[in-house]
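Both of the next two complexes hold chain A, though its partner changes from chain B to chain C.
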Partner chain A sequence: MKTLWRTGPLLLALFLVMVTASQTVMAEPDPEELVLVVNPASGITSLQRTEVINLYMGRFRQLPSGTTALPIDLYDARPEFYRLLANKTLSEINSYWARLVFSGRASPPRQAQDAAEVLDIVSNNKGAIGYLRRKDLNDTVQVAANLAVWATEQTAQLEP
Partner chain B sequence: MSNPLKTRLALRSAVIILSLLVILGVLIVAASVLFLTWMETRDQQRQLEGLMSTVENTAQVAAFLEDEQLANEIVVGLMANRTVLGVAITSGEHVIAVNGPNLAGLSASALAQQYPDTLNSRLLSPFNPEEQVGTILLIPNREVIRQQVLEAVLLASGLLVLQILGIGLVVILVVVRMITRPITSISNRLHHLQVEIGEKLQSPRGNEHDEVGRLVLDVNAMIDYLVKLLNVEKNLRTEIEVNERKFRSIFENAQSAIFVCDGQGVLQSYNLAFLREFDLSPQRLTSSAPPTLFQLVGNQGAILQTALRECLDSKRNHTIEIAIGNPRRWLELVLGPDNAGSVQIIANEITALKDASAQAERRASTDALTGLGNRLGFTRRLSRLQIGEPFALLYLDLDHFKKINDTHGHQAGDRVLIKVSETLRQLARKTDYIARLGGDEFVLVLEGLNKTQTEIATRLAGNILAALDVPMTIYDDVSVLIGASIGIAFGESGKTSSEQVIQQADQAMYRAKQEGRQRYCIHSD
Partner chain C sequence: MLCTLIGQLILAVDQIPHLSQSVPPLASNHVFRKDLLIKLTRNLPRALQVLPLLALLASTGLYAESDFTVRGFGTLGIAHNSSDGAGFTRDITQPKGVKGGTSGHTDSRLGLQLSYRPSDTWEATAQLVSHYNYDGKYSPDLTWGFIKYNPSEELELRAGRLGWDVYMLADSRDVGYSYLWVRPPVEYYGILQFSKLNGVDLVVRKPVGEGLLWGKLFAGEAADKLAIDEHSYADVGGSQLVGGHINYQLSEWQFRLGYTHLELGYDIKGDFGDLLDMLEASGNPVLTGIAKGATADATYHFMSAGIALDRGPLQAQLMYTYLDSESDMVPDFHSGYLSVGYRLGDWTPYMSFSIIAARSDIDMGAGTPSTAPLPPAFGTVNIAGINHPGQHTLSLGARYDFLPNMALKLQVDRSNVRREGRQWMLWRDIEADWNGRATLFSATLDFVF
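Moving on, here comes the complex of A and B:
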């Protein structure tokens, strides 16, 4: 007990330093992180993860507003995107779509080669929805969700 | 007809073994049917569950996308399985694919209600394990499953029954080979075994050292023992036969008549001497109605009968003498009882002995000179009288006998005595007894006379006196006058002693002499 009384103030100080550091990170987002973007005219301000899964996996064909949805993949970022979204590898996603080739019930998202193409499509289509790295953002699109947050949620769920 | 179950060891053990096996088999089969049914049902259930898990991923996708085509493919695939009666896949509340009798158009909840044993699996979103996107329902074809279970169980049970039967058969064969056959073989050998020449039983080959072999050894030991016993018995019998022949020969050839009869006098056995003694032919005794012993002894039957009864009653030897036949012959019979209620009799002829004894007795009681009785004879005669019988006694004394003896010599005296006795004999009644007591004293016993019949006695006395009152010729040229005095007394046998009566008669005779001789006097009290 005596030991705790002596070391107690020291532990408190350490804790305060750590909290301050994390607030500093939050305040300055990582430019490499993936963010979900929509057309500003879509009327969407934010999307839930489940909504994003249903749109990207072909379950929902329309946005909550009623506009036909047009999901777009950023070719290079796909592995990271699907890991963050559904904790799936790219090959799992590919086999999912392969299973559905013949039914025609749903089709995979359209492929974009780079961030510019994503920005171009999203800004020109009211129902388009895409993702890109934060550093490539501009004013023609609106951020609807931060994928890194979902990933944190997912980790928290997986490791309760 | 004998029951083969009771005469055949192998059959009986077979029946018992088979019965036990059948009972055991039924129990085992019943238990295994239950177990197999349970196991098979569980397997079928697992198989169905396996089927469902196989298609689960695809079904998840189909439910996720509400993709009816994909769902239908799954359903068709599942329906290819015979154990599946119906399948339905729902996405949310919609049934997106269904197959099976009377299932079309039913809602998901109605399906579950109609088939309570439906296998029900939640379909989760392929991308979000927390979200249920639909359900897959699988209705098992219970009939087919039951059929398959039944087939599997029947096959297993059949194999089990076959195995049990096989074991039973093997056991029976072993019983027959190991037990029944050796026993039958021993039995057959025993049947033809010639024990009397010392033949021994042989153990069946291979059984020398086991229980069967021991049985054979035991039987042989018993045969040995019995043969020994038989020999002892045979020797004993021979010995007995020899003895019997010896005894029979003694019996047959004995000089004494030996015979056995029962209490009724019926002859049971006899020897040759018996036939001789009773003057019988063997034919007469072997006839249909042989004479009894009582008939053979004539009027002595009653005596013999009494003796037989006494002998049997007292269990003691008994000796009697009987007289039979004509000329009369005396037999002495010694009767001895035997244990069987019969009497053994040994008969000896004693006629000669009897005659000699009678003659000796006669001689002893007879006066040699006159042939009359002497004093002994007289005493015996009196003692032989029946008690209470009265008698008269005449006591006679010659008057001048001493003078004749002195003048003519003793020879002349003897002649006088002889002549007197002749006279007395002539005059006395046949029943009267005459004796010379000694010298010239004579007595006459007149039996049956009492004092009221004095006249008979006095008349005889008178006659005697008269006969002696004439001269008596003793030689051609010598004749003498004798004369006598007589005393008469009366007595009663058992009441008065002979001495007393003689004394009384003597006194009466003395009185007659005093009164002048040649007279008689009666004793008076």
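Moving on, here comes the complex of A and C:
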């Protein structure tokens, strides 16, 4: 009992150090991770996953503010983006769009070739929404979500 | 004729841009092209002003972003029916089925879509599809040709030739690349079906709670020609269709309820039409009655409900339709299917079970003639034998996505068809001693470009 009394605070301190350390690791963002960006004048601070799915899957392309949304794909990052967003492969996304396009319903998002193009479109269109790697961010756009977080949520959701 | 289609398909395959080449024009290019177009058209004689437009149509794709887009889809398929008791058809437009052998007609098709979108609010789209049709030919069919007005995300109006959006997926039945199966379950999508109408539709969307509520209303006239046999067809053009559906999309779930009211009227052409004309002109009241009954107008109500789940690698669908027939000669029908697929790497194995059955307690009435052709949506039938026609099919298959715009599919179907009234179903050239069972092996190559 006496031992516990003495080692208790020590263990607690050790635990706190570990928690702080792990939080420091969390706070150091991965420069390669994908972040969702919007125009600073869009009035959006953050977006829910279901909202982003509606925008990117052509279900409802309107921002919460009422502005018509212009979703942008970053061509090379599409496989990663759709895996994080909906756990879908590029083939599945193409197959999904084939149905909508050839039933005359909607068109897929506009394709940007590189991060600079995403930044250019998003910073010049109030309703534009795009994604890019954290390292390519600049202050002309605003981060609306971290995609890796959704992927974690999704995994948690799938586990019983 | 098939050779022609295969030739077209091969040509199309050659033109499918590789992933890295299917890059859409950059925004600046887009503006440049538009300026160029205006300059060129101004300097050309009026008759030639369309040429630069055609040039613009040259290279686009699923993700194209110029004002003009050209997109396409296709399926190159073979189906083998191990039974020589009856010829299998995929839907009621096919005059001849695959019987005790292999055929490329059943599933092969090629579609081309041209779209012009001068602004966010206006769009004009035309879509041509070539497939084995009622006349045994592959002449392209105009499946879509509409103008769309899209003033906001909440409202969309279209007018022109439209797909018959009667069930979930019904208006993309020809686009093999868009679904898992080799062909949509025939009991559900093949029998009680038209494909297009000339008319208008209206879509309204509204976020409700966590999900999206949306609905569609449509009205128009049918524009299909349906095969009866190799030498006869029914023209259902002018039949009135009015309907709609309401959907709730909640994350990965989609729920849908639909209703369509059909006033079916049609002309029977070809050998069978001539026969009916002869009967009608015979002066014999019984024969005249049969001929009149065969082409009598009637009202039908389609009530449908569907649930679809699309969660990551899992895709599942459960659909049901009840056909309420006001015709004296057509019973009411239940129809439905369950389909489940699960992606494993590039392969997606799937299974489906689909069924159609007439209500068994149908009373055909004492005055019903013993033999009569039925309204063409259902083929022709010997009335005396139809207490409750029906069939069901169990399908197992796998889809292999080996390129981002191309998939290979393999499927086995085991069909079981009731003896009574089986001409109603999707079988042609039926042998009297057929036991109603057939096993089909199918392979398709599906692509978009």
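In the analysis below, the second predicted complex is superposed on the first by the 139 of 160 C-alpha atoms of A that agree within 3 Å, B and C clash if a C-alpha of one lies under 4 Å from a C-alpha of the other, contacts with A are read in each partner's own complex, and residues count from 1 in each chain.
Going forward, contacts are C-beta pairs under 8 Å (C-beta built on N, C-alpha and C of every residue); 3 or more make two chains touch, one makes a residue touch a chain.
Please read these numbers as outputs of a predicted model, since none were measured by experiment.
Trainee: With the two structures laid over each other on chain A, which partner does A:Arg61 touch: chain B (first), chain C (second), both, or neither?
Mentor: A:Arg61 contacts chain C only, not chain B.
Trainee: Counting only touches as set out at the top, which of chain B and chain C does A:Leu85 meet: first, second, both, neither?
Mentor: first
Trainee: Looking at the overlay, does A:Gln111 come into contact with chain B only (first), chain C only (second), both, or neither?
Mentor: The answer is second: A:Gln111 touches chain C but not chain B.
Trainee: Applying the touch criterion given at the start, work out whether A:Val101 contacts chain B, chain C, both or neither, answering first, second, both or neither.
Mentor: second
Trainee: Per the contact definition in the header, classify A:Leu137: touching chain B only (first), chain C only (second), both, or neither.
Mentor: In the superposition, A:Leu137 touches no partner, neither chain B nor chain C.
Trainee: Per the contact definition in the header, classify A:Ala148: touching chain B only (first), chain C only (second), both, or neither.
Mentor: In the superposition, A:Ala148 touches no partner, neither chain B nor chain C.
Trainee: In the superposed model, which partner reaches more residues of chain A, chain B or chain C?
Mentor: C
Trainee: Check the residue A:Thr50 against both partner chains and state whether it touches chain B (first), chain C (second), both, or neither.
Mentor: Touch status of A:Thr50: both partners.
Trainee: Could you say whether A:Tyr75 touches chain B, chain C, both of them, or neither, answering first, second, both or neither?
Mentor: The answer is second: A:Tyr75 touches chain C but not chain B.
Trainee: Return the residues of chain A at which the contacts from chain B and from chain C coincide.
Mentor: 50, 53, 59, 86, 88, 96, 99, 102-104
Trainee: Tell me, which parts of chain A touch chain C in their complex?
Mentor: The contact residues of chain A facing chain C are 50, 53-54, 59-62, 68, 73, 75, 86-92, 94-99, 101-104, 107-108, 110-111, 113, 117, 121, 154, 158.
Trainee: Quick one: in the complex, what on chain A touches chain B?
Mentor: Residues 50, 53, 57-59, 85-86, 88, 96, 99-100, 102-106 of chain A touch chain B in their complex.
Trainee: Write out the stretch or stretches of chain B touching chain A in their complex.
Mentor: By the definition above, chain B touches chain A via 58, 61, 64-70, 125-128, 131.
Trainee: Which chain C residues qualify as touching chain A in the complex?
Mentor: Touching chain A: residues 23-24, 26-27, 62-63, 65, 71, 73, 111, 113, 117, 120, 125, 127, 144, 146, 148, 152-154, 158, 162-163, 165, 169, 171-172, 174-175, 177-179, 205, 207, 210-212, 249, 251, 311-313, 343, 346, 401, 404-405, 407, 448 of chain C.
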